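Common to both upcoming complexes is subunit A, partnered first by subunit B, then by subunit C.
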Partner chain A sequence: MADAVLECSGLHKVYGDLVAVDDVGFSIAAGETYGLLGPNGAGKTTTISMIAGLLDNDGGTAVVSGNVITTKSTAAKAAIGLVPQDLAIYPDLTARENLQFFGKLYGIKGTLNERVDEILDIIELSDRADDLTKEYSGGMKRRLNIGIGLIHKPDLLILDEPTVGVDPQSRNAILENVERLGAEGMAVLYTTHYMEEAERLCDRVGIIDEGSIIAEGTRRDLVAMVGERDRLHLELSGDASVVEGSVSAIDGVDSCSAAGSALEVVAVSASRALPEVILAVNDAGLDVHSVQITEPDLESVFLHLTGKALRE
Partner chain B sequence: MKTLTIAASSLRRLFRERSNIFFIFVLPIVLILVLGLVFGSGFTSRVALIAPDNDELAGDITVSISTSTAFETIPADDVEDARARLRRNEIDAVIVIPDDYGESLLAGDNAEIAYYSTPSSGGFVVRSVVEAAIAEQAAVIRAGRFAADATDADPATALDTAQLVQGSIAAIGVETEGGVSGGSGNQFDLGAAQQLLLFMFLTALTSSTALIQSRRLGVSHRMLSTPTSAGAIVGGETLGRFLIVMLQGVFIVVAAGVLFDVEWGDPVAATLVVMTFALTGTGAGMLLGSLFSSEQQAGGFAIFGALMLAALGGSMVPLEIFPDTMVTVAHFTPHAWGNDAFATLIRHGGGVTDIATELAVLTAYGLALIALSSVVFRRRLTH
Partner chain C sequence: MIGAAFTITAKDLKERFRDRSAIMLAIVVPLGLAFVMNLTIGPLADQSFNTGVTVHDADGGAIATGFVEMLADVEAAGFVDVKDVTTAAEARGLVDDHSVSTAYLLPEGLSDAVAANEEAAIIVVADPDQPIGSQVGTALADGFVWEVNAVRLSIGTALALGGDDLEALIVAAGDEPSPISLASATTEGRGFDFSTFYATGIAVFFMFFTVQFGVLSIIDERENGTMPRLLVAPISRQSILVGKLVASFLVGMASTIVLWLATTLLMGAEWGGSLIVILLIAAGVTAAMGLTAAIATFAKNAEQAGAITAFVVVVFGVLGGTFFPVSRISGAFAAISRVTPHFWLMEGFQRSSAGEGIVDILPAIGAILAFAIVLGSIGLFRARDLVRHQ
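Right after this comes the complex of A and B.
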């Protein structure tokens, strides 16, 4: 990809006998949000640490904005904004002081104060900017943690499970911010083990387990890759078995089974199959009381690929 | 530049915690005061007292000086021999009561008691005891003279009378007669140096906890994710600690000088001792902060280690009273070298060249520890 902000390949990290990251590679274009989805211990943080130049790797390369990143590639790190999984802020400094401190380390000179104010505004901490961060709520600390990673307007923003332990309101604010940053053209690498977050935010998702990326693509790609189908659950006004045959014959419907007044339909696309299913039911003189559609999600993809649930 | 940013944040964070101001600045000064008042230099001075044998007034003042509990009096005969022992630091002062002491006083002349000391701690105490003894006797003698003048009696007889009525006459304004000459010791001097070293090292070691906190919080790591080299991070943390310890050292030196008249000797040499010792402390603190992973463990170890090293290195009990083997052991601690250096500066009025060895050892210690800690810290950061 010519306009890739991040391009990494063959990343490898070993801790003793444990291969924490094994041949991981992917790329992210400007304006694209890429999700690394995987359970605890999958190797997300380790992968990110190598991409951000925090950890010496045991193989592979990461190139960000045209520069190879190692722990020693000081200048090139200016293109990356890292938001670590664990809060990395000074509790005995204020939000403003934390932002100023890291702003200076990112090499921001004349405009630092304005930039700090801007960030405080974005993370909605302007009114608490001069309180020590140890007095903040968990959500406020998380927001500051993210703000620090944005202070220098990086090409690539890396967020490592930024919503863990956050109340729903802060969580939503964080997700909205990430969506906006992506829309503004920032490349975002987002790790999570929340399937919903990956589905909502990410243009493409890499599913990582035990150190390897086992599948990658858009949500649709991934779902299609494992052949999962949409599920329709209908409650009818009478015996569902009378429509079993006619519904099964509908184009795009894989299978149909009746149980009392309930009808289970498996289709390639629920939205395309549903009108015809309802017509068939009405033709048989029955009414549809309710419909429930379950689209296959990344959760079921993960289950399919690994035989285990994303979250234990 | 980034090194300075990181160093400055260390200082800012340290002083944000108000209790640190107490531990770093107030407590050492309070301890120097209390220990100086209670113990002088922390041990009993030994004073050689030379007095004529059959002189009643000399005998009186000898008794009042030697009954003082502030120091130990050693009878001596030969002035030159006693002064030689003083120069070898075997004793802390020499008091010489002249052969014609009683005679001169009774004749209405002033007699001068010679007082020799190196500018050692405890000198102040010795001197004030001698002065008090002279003042006491002077009151009696003045009263005697007054009585003799008034009654035309023989001064010796009048003196007996005066001694009897001393209580009532002592209220007459008394001037100290009999000069006191010699060095200008101060009971706080060496004690202050010992406390200075103890506290600088304590601060250096305990400040390792802030380093561990930065690492544990992931802030150190986050610094590495910015365009800041590992070297600049290690350098900044090291510089921050060095500045904290220097700030404390300079404060103690100045405050003890202003408040207690502590003489630190040659200012350039004293500054160099403080700097090289701060360097050593910084290195030790950085190493501790790099090796330990828990602040509690490091904090406990820091206090224990700082007190152990201080005790071993002569910052609690002076090295002079250590047995020879212990003196050798003591010199594995930086404190012993620091205390030696200050003893040379304070007691013997030495300069930079006289403490070149001590400065070299402290610098070597400091640089070696800083180099070692940098390697460990860097490894911890990127692996």
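Right after this comes the complex of A and C.
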């Protein structure tokens, strides 16, 4: 990848007899959001801990903005912003003081106050900036948690399951922030076990299980990789079996089955097949009462690849 | 590294001064305790023993006069307060109403009987409600009787060996000084008054708790989730450790100096010369940092580290003489007390309070710093276990 902000390959980490991460490698370009999707215990946090310089790896390399990252490499660390899964803020400091403290650690000097105000605007905490954070709601703390990771304008922002335990409103605000950061050109590494978050945010997804990345690509790539098809469920005005044959003959339809007034159609592309299916139903003298399209998602991809659900 | 360490120190100090419980433990509680101890135990401890006695001399002879003079000497030494009476009944009445612990009745003919080597007695009336005073009173009479008997035995021996000038022998025996005498002394020896003792003792005791806050904040960073943020920042792990330790040192110094100034101004405690006191406090805070750091590296969490530190600090405090002078313990305990930094801190402050110079304090400071080096080395050796993200 020409303008990769993060390049990692062969990352390996062992705890005793347990191989926590095995030969993990991927890259992220500027402006790209990469999702690391896997169930709890899959190795996501260990992987990002090595990439962030929190953990020494037992093999492989990670390069951030041209600098190899280790636990001692300050140049590479300066290019990374980490938003840990657990809240990492000081309760006896205000939001402004939290941001100023971490800003100073990242060496921001002359423009620190302006940058702090900018971040407070982004995370919408300007009006509570001088209150102690122990008085904040959970959602406000989460927003500040993200803001601290952004204080030094990192090339790579790593978010480790930032929406775990967050209310729907705050969760949506966090996702909107991440979308905006990606659009502004920041490389984002986002770990989650929520399939819908990965689908919404990520340009590419790496599916990780038992320490290894078992598949990688865009959502469409991954779906195509495992051969999943779209499903159409139609409720008709009469016996659906009368159109079973004609629908099955439509180009792009793999199979069709009727059960009473319900018609189940499996097609390569639901959006392409639907007009012809409706036409065939009307030609048979029936009306379509409802249509439900189910596209294959990452959940079904994960199920297909591992034989287990993401939340198991 | 210095810039990052300074930033961490400033942040820790800001947090510490906003934490009311830390200020309570560092200054308010020890200062209050020192005041209470000084107000309650201090006056009792400062009192020298004194009991009231009275004597009725119905004899008026040489022996009776000698007894009255002996009591006057003891009164001059401050141990008894002799009340005058005119009758034996009045003397007994003083005992009955507990005004004195002991009344001595010297019957008529006492001196003549002694001179004639006949049976004679000093009647001692003791107050059972004042057991210590009456024991002392009885002991004084016993001592006098023992001495008279010794003189009489000496004279009898001299006469048996051919002496013939009875008058001269009595005078010579009476003028002979006692080979052994009692002298008053305090256990504090060098003049460590109780206000100073409690002020320094409690300051030393709480110094180890105060410093503990700084070291335990490293574990707190881990438990609060902020340690990963520090570790991914472009700073060295050493700067995190140095920043924490400097904050710990400054908090320990500040709280102990506040106690020093407050107890000096409000309680009249005399810690000694400023330079020596500051050196002792600095050495003590360093040793406290070493002790708490060594413990913290072995603890699984802040709660466990706090519990272990509290146990060690209380034991060291008791053995080291922060609650009572170690001169009152002996044997193995006295030896063990010397392997606590608390003992050497109290020793240093005792010498400082007595006005001794810096050269006299150096052994104590050396011993304290030896503890700091040994314990601190353990802490630094295991510092990597302390500054980690999980």
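Worth pointing out:
Everything below uses one rule, namely that the second predicted complex is superposed on the first by the 312 of 312 C-alpha atoms of A that agree within 3 Å, B and C clash if a C-alpha of one lies under 4 Å from a C-alpha of the other, contacts with A are read in each partner's own complex, and residues count from 1 in each chain.
We adopt the following convention: contacts are C-beta pairs under 8 Å (C-beta built on N, C-alpha and C of every residue); 3 or more make two chains touch, one makes a residue touch a chain.
Because the structure is a prediction, the values reported are computed rather than measured.
Partners subunit B and subunit C clash in the overlay (superposition on subunit A). By the touch criterion defined above, A:89 lies against subunit B and subunit C together after alignment on the C-alpha atoms of chain A. Using the contact criterion defined above for the overlaid structures, shared-chain residue A:147 touches neither subunit B nor subunit C, since it reaches no partner. When the shared chain is aligned, subunit B and subunit C each come close enough to touch A:54. In the superposition on chain A, A:107 makes contact with both subunit B and subunit C. Of the two partner chains, subunit B and subunit C are each touched by A:71. Taken together, the two structures place residues 52-55, 71-72, 74-75, 77-78, 80, 82, 84, 86-93, 97, 101-102, 104-107, 132, 148 of subunit A in contact with subunit B in one case and with subunit C in the other.
Considering their complex, residues 49, 52-55, 71-72, 74-75, 77-78, 80, 82, 84, 86-93, 97, 101-102, 104-107, 132, 148 of subunit A touch subunit C. By the touch criterion given at the top, residues 3-4, 7-8, 11, 14-15, 18-19, 224-226, 228-236, 389 of subunit C touch subunit A in their complex. Contact residues on subunit A toward subunit B in their complex (touch as defined above): 52-56, 71-72, 74-78, 80, 82, 84, 86-93, 97, 101-102, 104-107, 132, 148.
Interface residues of subunit B facing subunit A in the complex, by the touch rule stated above, are 2, 5-6, 9, 12-13, 16-17, 214, 217-219, 221-230, 382-383.
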